[in-house]
Amino acid sequence: MTAIATRPETEHRGTTAPPARRRDSERLFNRVALGTLIALAVLWLVPLAWALATSVRPAQEVVTNPTGWFTAHPTLKAYGEIFDAGKLPYWYANSFITSILTTVLTVIMASLAAFALSQTRFRLRRAAFVMLLAGIMIPGQVLMIPQFLALQSAGLLNTYWGVVLPQVPNVVAVFVFKQFFDGIPRELIDAARADGAGWLRTYWQIVMPISRPAVSAVTIFVFVGVWNNFLWPLLVVTDPEMMTLPVGLTSVQDVFGVPYAQLMASAVLGAIPLLAVFALFQRRIVEGIAGTGLK
Amino acid sequence: MRDRIPTPSPPAPSRRRVLRGGLALGASGAAALTATGCGSTLAQGFTGGAPSPSRLNFWNPFTGGDGERMLAMQDAYRASHRSVDLKSATFLWGNPYYTKLTLATLGDRPPQAAVIHLSKLPTLAEAGLLTALHPEDLARHGLTEDKFDARPWRKSQFNGKPHAVPLDTHPFVLYFRTDIAEKAGLLDNKGQLADVDGPDAFIDVLRAAKEVTGAWGGSIASVKDASMQFRIFWSLYRQIGGGDLVADQGKRVVIDTAAAAEALAYIRRLSEEKVIPANTDGKGAITLLTTGKAGFLMDGVWQALAVQSAKVKFDMRPLPRIFKDAPYACAADSHALVLPKAPSAKAQRLDLSLGFAASMLHSSKLWAEGGHVPAWLPTQRSRAYEELEPQSHYATAADGAVYDPAAWYGGAGGTMQTVVGDVVTTVFTGDASPTAGAARLRRELRTLASRPAPV
Amino acid sequence: MLLPFALFYLVFLVGPLIYTVIAGFFDTSLLRSGLGDFAGLSNYKAVLGDAEFWRTLGNTLWFTVLTTVPLVVLSLVLALLADRFVRGRWFFRFAFFAPFVLPSAVVSLLFMFIYADQLGLAQEAVKWFGVDTPPSWLGDPDWAMLSIAAATVWWTVGFNFVLYLAGLQDVPREVHEAAAIDGAGPWQRIRHVVVPMLGRTTTLVTVLQVIASLKVFDQIYMMTSGGPDGSTRPSLQLIYDTGFVEGRVGYASTVSLLLFVVILFVSLVWFALVRRAEKEN
């Protein structure tokens, strides 16, 4: 955590050019490697593919032949039934609203704090930094009981704020910003200050515009984290129409033994939004992890 | 599992547009939702305000075959109360359901009406989560004591006051395939099962059925179903005369380990003599019966519709009287409607909720078809119910109904059922001996009893 | 500028931590307001003497071992293999990483079906290998934790895979070439040259994995809710169950604090390791 350094991208290495007598073993090794990889990758895709395949099969067919893959009569009936049950649009909306709110608040607060720690000098700066560092080691889930009680006494259970607020103090996000801000040339800040800009203006007009990569990395990961959070919304949201997607999909039940086609359709519906985000931002996400400051 | 955030590597700003596009798309989606009526709910998400006064939220734990009937009963209510916006939600039975109900009530957003098991009533009422009902309010909706089965009505009282409106009694019973029983020569001339009472007699019956099916004599859920294992144990233990498991609201353990060991030994006999398989889950146990691989099934009455839907010849009867050391007993519980304590009278909607409860009771016939023995006497004593087959065949089981031991950790799907049921399972599968199981039961119960009660 | 964040930090992290410490000394109940009766050290005595506390801690550690080992080894192997191919890498990245972005709820739904008795793909699959009576994957105490761990490996291996791929970018091309000229085959090069150079990444991956696994809750809660016979119940579920299901906040706070100490210990070991690595550089 302390060794925060962004690694420059090296060019992709292909296989190295070996001496001629080594070429055969090299080629063989490559073939085995490729075969293994493809086999594993296909295996990795099986659960999602099976869910997709099951979700479009008629319910009766799933009962008679549960492990079949293909159907002669594909149907979207299971999806229709889920939508008819009526709560899915709420869950999507709730997940979307809470994720956006948390992300926005986190980005603003974490970047402000990081800016203060990185660029300004104040008393107790070091103490503040150490305290923050200690915060990384507090596992949030362990504090679920007092957090719940605090929100209960504030009357915020079953509101978006109840889901959002406890997820805002994200220490790692501060470090991500701080690491980025530390790399900003000092002269840039000094010049702005010399022009008479206050700290807030420097932050907003100089620093933030050039910190888009940090902002988007934090955005994506906070968004995904909040969208996928299960335990916390499970506690604070009990009203079926206030639930987030993961909680709603797994705690609100249908009567009379939910057909598997329908269960798999819910799984697919739950998977789609983030798979879409991933497909759109694949490189960004992967680069984000690759350049991780946690190294 | 993943609160890991990476830092960014040098910029790739072209993605920004995509991100913005995505946000805009989502925002417009949310706006569309707002425009189409979800709006007020979303607004509540920000303000925490109460839903509109015509709204009636109703929660239930009916995920078995009975849930289907509950939907029909709700439709009946909707048809006669068009101005009420009834919204129901079904949650997973047991601890998840009661935890949700508790957290919702603590969070000031409980449903106006909810179904609970009467075995849970003392704990919920003690915790102050239920609204006490006044006889004059109940009478206004025609809900008077004389119209209810005495046993569940008594269980609905807490500190001398009604806290629930009982809906049914649902005992643990015996399902059997009449065609298989007939082939095995087990039916008397009236088509009734003869000679199932007594420890050896019952096993003989199962063995006879096994010869016909070629697979198993009977079935019971034992995989992923601690509650079912609790029910068979509790029924037998009470028939042996073991009495209570705990006393003083769960603070003292009074289990009769000899009786427990005897009950466990019998349960073990069922799997050891290979008349009942020890590796079947809830769905599997029913499937064995409906596919003719077992002639008998020990299960709750709420599976009546699930078995009926398989369109095979079957009948139901009370659990046999296997031990005769004590009055007849079978594990049972009752569903009841309660009004979780709302933050204000306005949010409580007392009369709306009681009207809904009354309507549910008036639909008791529908509920009885789902397997439950109605607590509403006008239905229970009606001709129509008497003619309901096989549902009326086990109505007498309700007289031997024993509820779960009274303890804050007890009740339907609660910790005691899980703990006791898990021990019973280990004996049933042969992983532990009956005496070791009985000793472990006492140990586990003592651990539970030693914990300070939260209520 | 630090203030808004500091406020949230105090209210939602520091405050609750202090409350957890205090409530551990009281018989606090979820269902009664206030802290309740002073209990002294009785909660600590009860927790440390509670077989269930040790069993759930044991389950948690067992899960941590079951997931960390394959998640580190498998992701390293996958990355080493995938690193050899430039074309098609996006496909491997997609296949292995895509599950990581799914909510735990979706992962649980998928695997409850895959592990389902009689109907699931997993039982069907072992039948191909000649096992006639496959175990009940989630219903057999001997198999349930292994099954959940396998689902978890499927779910999260992509994260470590990507970290390793990034680590491999740091291995300079010249090292490879030099070793190849020395006559080292691909396997020797990987074993003696590349893997040792990934030491830092391995430390990082391992520690992150251990901390994440110690906090397991979601998939176990949804797939088995801790059963059968408590064989999969993790520490966090003990906190959830005692705190929210039973309402015994005082006791649950004590368990929370003890689990916190365990996680803190792991984090400190990590810091020490990183420090040492830095000094060596």
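For reference, chains read A, B and C in written order, and residue numbers begin at 1 within each chain.
By definition in this document, a residue touches a chain if its C-beta (ideal position, glycine included) is under 8 Å from a C-beta of that chain, and two chains touch if they have at least 3 such contacts.
Predicted model, so just to flag it, every value in this text is computed and none were measured.
Of all chain pairs, the one linked by the most C-beta contacts is A-C. Taking the mean of each chain's C-alpha atoms as its centre, the chain lying closest to the overall protein C-alpha centroid is C.
Mean C-alpha position of chain B lies 34 Å from that of chain C.
Here the spacing of chain A and chain C, counted between their Cα centres, is 16 Å. For chain B, the set of residues touching two or more other chains reads 2, 4, 96, 103, 106, 283. Shared interface positions of chain C, i.e. residues touching 2 or more other chains, are given as 104, 118, 159, 208, 215, 218, 244, 249. Contact with two or more other chains is made by residues 7, 9, 140, 228, 235, 277, 289-292, 294 of chain A.
Within the complex formed with chain B, the chain C residues making contact are 27, 29-32, 39, 46, 50-52, 100, 104, 117-118, 136, 138-140, 152, 155-156, 159, 208, 212-213, 215-216, 218-219, 224-225, 227-230, 241, 244-251. Only residues 1-2, 4, 95-96, 98-99, 102-103, 106, 127-129, 223-224, 226, 279, 281, 283-284, 287, 408-409, 415, 418, 422, 425-426, 447, 450-452, 454-455 of chain B touch chain C when the two sit together in their complex.
For chain B in complex with chain A, the touching residues are 2-13, 15-16, 18-19, 22-23, 26, 29-30, 33, 38, 41-42, 44-48, 57, 62-65, 67-68, 70-71, 87, 89-92, 96, 100-101, 103-104, 106-109, 283, 305-306. Residues of chain C touching chain A in their complex: 1-2, 4-6, 8-9, 11-13, 15-17, 19-20, 23, 78, 81-86, 90-99, 101-106, 108-114, 116, 118-121, 124, 154, 159, 162-163, 165-166, 169-170, 172-173, 176-177, 180-181, 183, 185-187, 200-201, 204, 208, 211, 214-215, 217-218, 221-222, 236, 239-240, 243-244, 249, 252-253, 256-257, 259-260, 263-264, 267-268, 271, 274-275, 278. Chain contact summary for the complex, chain A toward chain C: residues 1-3, 7, 9-10, 12-19, 22, 25-26, 29-30, 33-34, 36-37, 40-42, 44-48, 50-51, 54, 66-67, 108-110, 112-113, 115-117, 120, 128, 132, 135-150, 165-166, 168-169, 171, 174, 199-200, 203, 224, 227-228, 230-231, 235, 245-247, 249-250, 260, 263-264, 266-267, 270-271, 274-275, 277-278, 282, 285-286, 289-292, 294-295.
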